[in-house]
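The structure appears below as structure tokens.
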Amino acid sequence: MSLAVEHDELVSFRRDLHRHPEPAWCEFYTTARIVEELEKRDVDEIHYGPEILGSERMNVPDDDELGEWFERAKAAGAREEILAELEGGYTGAVAVVRRGEGPVVGLRVDIDALPIQEADADHAPADAAEPFRSENEGWMHACGHDAHATFGLGAIDEVLDSDFEGTLKVFFQPGEEQIVGGEPMANSELIADVEYLIAAHVGLDHPTGEVVAGVDGFLAVSHFRAEFSGEPAHAGGHPEEGKNSVQAMAAAIQNLYAIPRHHDGATRVNAGLVGGGTATNIIPEESFIEGEVRGETTDLMEFMDGKAETVLRSAADMHEVEVETERLGRAPSATSDQELVDVVADVADGVSGVESVPVRDELGGSEDATFLMQAVQNNGGYATYVGIGTDHPGGHHTSTFDVDEESLDIGVEVLSKAVLEAAKRRP
Amino acid sequence: MSLAVEHDELVSFRRDLHRHPEPAWCEFYTTARIVEELEKRDVDEIHYGPEILGSERMNVPDDDELGEWFERAKAAGAREEILAELEGGYTGAVAVVRRGEGPVVGLRVDIDALPIQEADADHAPADAAEPFRSENEGWMHACGHDAHATFGLGAIDEVLDSDFEGTLKVFFQPGEEQIVGGEPMANSELIADVEYLIAAHVGLDHPTGEVVAGVDGFLAVSHFRAEFSGEPAHAGGHPEEGKNSVQAMAAAIQNLYAIPRHHDGATRVNAGLVGGGTATNIIPEESFIEGEVRGETTDLMEFMDGKAETVLRSAADMHEVEVETERLGRAPSATSDQELVDVVADVADGVSGVESVPVRDELGGSEDATFLMQAVQNNGGYATYVGIGTDHPGGHHTSTFDVDEESLDIGVEVLSKAVLEAAKRRP
Amino acid sequence: MSLAVEHDELVSFRRDLHRHPEPAWCEFYTTARIVEELEKRDVDEIHYGPEILGSERMNVPDDDELGEWFERAKAAGAREEILAELEGGYTGAVAVVRRGEGPVVGLRVDIDALPIQEADADHAPADAAEPFRSENEGWMHACGHDAHATFGLGAIDEVLDSDFEGTLKVFFQPGEEQIVGGEPMANSELIADVEYLIAAHVGLDHPTGEVVAGVDGFLAVSHFRAEFSGEPAHAGGHPEEGKNSVQAMAAAIQNLYAIPRHHDGATRVNAGLVGGGTATNIIPEESFIEGEVRGETTDLMEFMDGKAETVLRSAADMHEVEVETERLGRAPSATSDQELVDVVADVADGVSGVESVPVRDELGGSEDATFLMQAVQNNGGYATYVGIGTDHPGGHHTSTFDVDEESLDIGVEVLSKAVLEAAKRRP
Amino acid sequence: MSLAVEHDELVSFRRDLHRHPEPAWCEFYTTARIVEELEKRDVDEIHYGPEILGSERMNVPDDDELGEWFERAKAAGAREEILAELEGGYTGAVAVVRRGEGPVVGLRVDIDALPIQEADADHAPADAAEPFRSENEGWMHACGHDAHATFGLGAIDEVLDSDFEGTLKVFFQPGEEQIVGGEPMANSELIADVEYLIAAHVGLDHPTGEVVAGVDGFLAVSHFRAEFSGEPAHAGGHPEEGKNSVQAMAAAIQNLYAIPRHHDGATRVNAGLVGGGTATNIIPEESFIEGEVRGETTDLMEFMDGKAETVLRSAADMHEVEVETERLGRAPSATSDQELVDVVADVADGVSGVESVPVRDELGGSEDATFLMQAVQNNGGYATYVGIGTDHPGGHHTSTFDVDEESLDIGVEVLSKAVLEAAKRRP
């Protein structure tokens, strides 16, 4: 089988997105471009705007920041009537193709980018004849989500061109990097009837030509922000009048890392971004910790989360300051189902360019595709997380990360064939 | 004036007490011996037993320990019918001499000893022809309270031998080293009518022949014991099941020392005795901190006390353990009144053997005579804390501390003359 | 097969040891009794005294404590000429049976007891017609090592009664509870030629009739004692003159628990027994931490050990105190070899009273049998750690732990048959 | 005496400076305006540029920041040939008036401003008919240094108009708020021959009409910045690969506040501005603490400084990160000399508008005028720090602080008369 979609078209779309990397809940340009492309195709439904999110969003930027990205998308040429639906940060889209009586198969791809300054030399996007380096200063598609969105679009083309019987739903998910998009999308009605779900990711240290049929080892994770608020005082004159939020912060940090280990498996904790105070001679009034806890299972993550909450609250009490803790994002753990892993492994073997199909691998990080996987599994369906190898010069989340564009075709073919095959397998 | 009381008698009494040092609330032998001596004299009232304490005692030893000291006193020859009144640790005594219409003058001396192993060589009590080293292993009169009791008895002899007009009350106070005796004695009715109060202490780094008319600079102090109680668990198998009292203790220690400094003056904090746990492989269930806070004023001590309470409670919460905090003893700050300081300075000048009378000095430590001083001052009376210099080879609270017995006569004369003079000064 | 050894004899020997529980390096009575029994049998070599230890012992009690246990053993009737060889705490024994050309098979049993007060009611050793409760106040065979020694002796009887061809070495190891005996015994020449090693343990939450052929999941462990030494000072008068060892201890505790988690597997840390200081009003001069670190692998344990060392040293530096860290005991991780697990599983199936043979189980704790297992495995041999189920009313390391004596016969039969079978399996 | 200088002129100059508040080492406009005014007067020497600083400057802003303020000063109309001498942040000026043989009298005023957003309503500078609110967004003369510079200039006018015999040196000192200007100016040759030094400050919670002849109670202070540098790692994947600078920072904060109190007097410590890390899921590579220590004496400050250094270094070692500690600024303690306090008290009594002259007051904060006071005192001269009361609606260092301009005249008269009188008093 050769692909219905042209390689050049895949490359062109991926590069367009690569030039316009956007953060969580600000994927205005990206969403608008996806919707524009979907409108050109024989797709039965295109969902976007608030309707695709079934629960509250966490960690939404403030209006100023949303507004800035909105205007930037407009300036970059995104269609205004589409943008209008996204206002307030309701980004992401879901495409539905209905073809007869077969099962409902879902494909999940994510579309957001990272706060990384892209390399400007010795780096394909900068060195190409027609450069396609990020035009959004300080932001970069450094994890390949531009390729993921391309997989989603390409897979639709292939399915449209096939004898597929069933329903295909492609979830273009916002906000994965901050693990904020998965949860509300998993709570939408759109996921409720999905029987097979395939989530996809490029790279993961696998070279072009390798396809991992089932990735596991997702750590459940919860991101939080704690804000301590005390009372300032002159550090020389009246230190006793201060309620010292930096002391509270320090006590919390020390004791967060000291949460006990757990018999049931791996846990993690990190106070990744902290700060407080204003000047050497003022007892610090304000401080904060942005941190995370993880667990090998969702229960372990929740154990850590509960302990962290206790530490933060007690550290505040200890120094007579207030603390507000906000959850910034989270994701459960998940496991790929053997039934669907087998499907992917079977089809991948026959795809042009695929040289090796390791059946299983461990991620060792976190991902909020797990929310969608869990939703499907809880309804009795099957899910898998597929790795599409790509030669990437720099590591994920570095300024020289890049996708080998040969892997775009491989991904599109593996994923679309897996969709077709899954649709035939309903027990 | 030569003394009515013989030098040898003072020495003999002091040495008897020196051989039998006893801790707070266990001064059975000491009290009984004082009462026996008082009974030989023309004293109007001798008070001892529960009636001399006006409020609850803190930090009373358990029955076993009380019983042990009780039996030891009996074995050492203390009179049983006196001992019977002291049962349960109601130690201390108050002697009252009533001679006509004059004012009520109080003299306060303390009688307890320290948990120090007395030197057994190069040390007068050990080297004397008739040695009088401590017979209570591990305990020692290392702060001169044996001399203080002797001052009290000798001063009564002098006053009885004089034309004194007024009432003399001598307070033989128990439990000063643990600052537990002053508070209940200050709450007794016996102090209520005292118009002038003189408290006395030997040494304080002043040589024989020096008398300090007014000591100040008492730090208010509060001793506490915090007991943390969690849940044990196997440290290898199930660390998450433990509620770790040693982590709570450590968090508390770190944050106790970090209580803010205060604009209004000096503060102190110390976690002087701590411990916890049972074995390397058990998450520790129990731990404790015995500590203290001090302040240049009583308010400052209370500021520290409140903060310490908050730290202890929050540290417990942080590690999900319980904490019980008990106050072990305390004392306020105090200042010597110039009116009475003048009296002492005046009489001391004429006393045989006195070469120098510094009017004021700073103690820089704590003392619960301050409770009695404060009680008198609150009633409109005057108080002073007098230092009777003595050459002491080792420092206070060391195993080679000793009193130059020449200073016994000086103390008796200074204090009795001050009593007589104070009685004449009522405005 | 019925056993050569009588059930009553096993019971009698076990109860004798049960009455005389002894700590690490003080197993004088226990060792002497084992040697006496061995001398009655047709055993080729009996090794005891310093010769059975190939490297330095850790955590040996001081001479007073050794002397006390030595005298107690003598008083209990242990033979003096045997005791003489054990002086200085050289406890434990190795029995060798040589029967022809076959392979060398080792059996390892441990013999020490725990500092636990044995229950005195509702507890078989107390309630038996002839009670056999601990006669050593405060110590107890609360982990079944009395049964282990009995297994060793019984297995020798069975092998002597069989057609065994090869060499049997039974290692009666001292000091397992403090993980101090395994390392020096594993460094002795006696282990060097062992080709198969079977270590055994009763109970482990398996009932009588269950035999686990291969126990795994030993956490590598290291016990340490850190002593901090600073300078005392009066907490009220001159706090700045102190070098506060309790502050150092607290900083160390907080940061020990906060050593980072590790990608490669489970780690543990515990400050299980801590203390410091002398009195509320003295800046504490001395403090200590007895603690442990563990790891799923020996590398992970060593990672923790290195980090702990850094924390302890830096905490001391921070408060300008000295720290001495001593290793109290340790053990590596280990895995049972399938070759030998199969042997045990095969023979156990046929043993009278055995109803179930789970092939593998996880310990989740630590054991220094691992030193001997590792020594054999490093020489190309095979090792397994066998669990002999026993109904035990109270848990291991509790005052009501007891061994169902029916399991003595099962253990003797399983272990002796495994020895015979292993000897036949040499590849 | 009425003043030679017009009230309106004082007001006009003060308001000009008020509109242009500038930070330490960036007082380009302020310095240029002072020099311009001095050039109009019969002043013997005007020193500015590098020559007025006798030692290295601390905490100089980087070139970008210096350049920005330089350009802003130029745009505001400062004379370019003066500015050229100040390039690189060599701000401040010294004016010398030589009139015959009398002693050398110094007057020290400071000229820098604070990073505070000035109130824009209910605040005289905003509400005046001709508003003179800060034109430098985010900066404000919120401590009255605009008045101080005006005092300096006005006093020169008065002295020039008098029969003064001696030398007057007016030190317009930069960088007091960050305590960076005093030290290098005190090390300049210009201070070496000063025999009497008067430093002045408005307000300090004294109303218009009150003049404090001698302010004391300066806490010696040292500001520092510690930068911790570790190694980042993925917090989920490989936490053990990180060297966690935020853990180091937290351990340092906790232990900084826990530096022991001191017998000799008050001490202070504050971690006033802290931060670290980049993202929740990255083990933090970088962190910092900007803090300060203070002491009632310079020795006490140095005691704290040494302890802080030890804490910072050990906290870094504990978490295997590097730390660089930089001193940002400092000031010793100082005491006003009675000889000069008397002079000020004497002259103030006769000044129009002065209603009360408290002889002494305690500052309870820090000031680097102490460097100049100390320099003079070390040379055998006398120094005092004078408070010129002013009604100030908001407190010092708040957005509504303002100077009652009536106090400008009082300050000029008190200070100039004190200069004249001091010149007559040479012993």
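Note that the chains take the letters A, B, C and D in the order they are written out, and that residue 1 is the start of every chain.
Please note the rule applied: contacts are C-beta pairs under 8 Å (C-beta built on N, C-alpha and C of every residue); 3 or more make two chains touch, one makes a residue touch a chain.
A quick note: this is a predicted structure, and the numbers were derived from the prediction, not measured.
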{"item": "Between the pairs A-C and B-C, the one where more C-beta pairs touch", "value": "B-C"}
{"item": "Far-end chain from chain D, centres as C-alpha averages", "value": "C"}
{"item": "Separation of mean Cα positions, chain B and chain A [Å, integer]", "value": "69"}
{"item": "Separation of chain B from chain C, taking each centre as the mean of its C-alpha atoms, in whole Å", "value": "52"}
{"item": "Overlap residues in chain C, where contacts from two or more other chains coincide", "value": "237, 239, 244, 247, 251, 254-255, 257-258, 260-261, 263, 268, 283, 364"}
{"item": "Chain A to chain C touching residues, read off their complex", "value": "254-255, 257-258, 260-261, 263, 265-269, 364"}
{"item": "Interface residues, chain C side, partner chain B - complex", "value": "219, 221, 223, 234-237, 239, 244, 246-247, 249-251, 253-254, 257, 268, 270-284, 287, 290-292, 294, 328, 364-366"}
{"item": "Complex interface listing, chain A residues touching chain B", "value": "237-242, 244, 247, 251, 254-255, 258, 260-264, 283, 303, 310-311, 313-315, 317-320"}
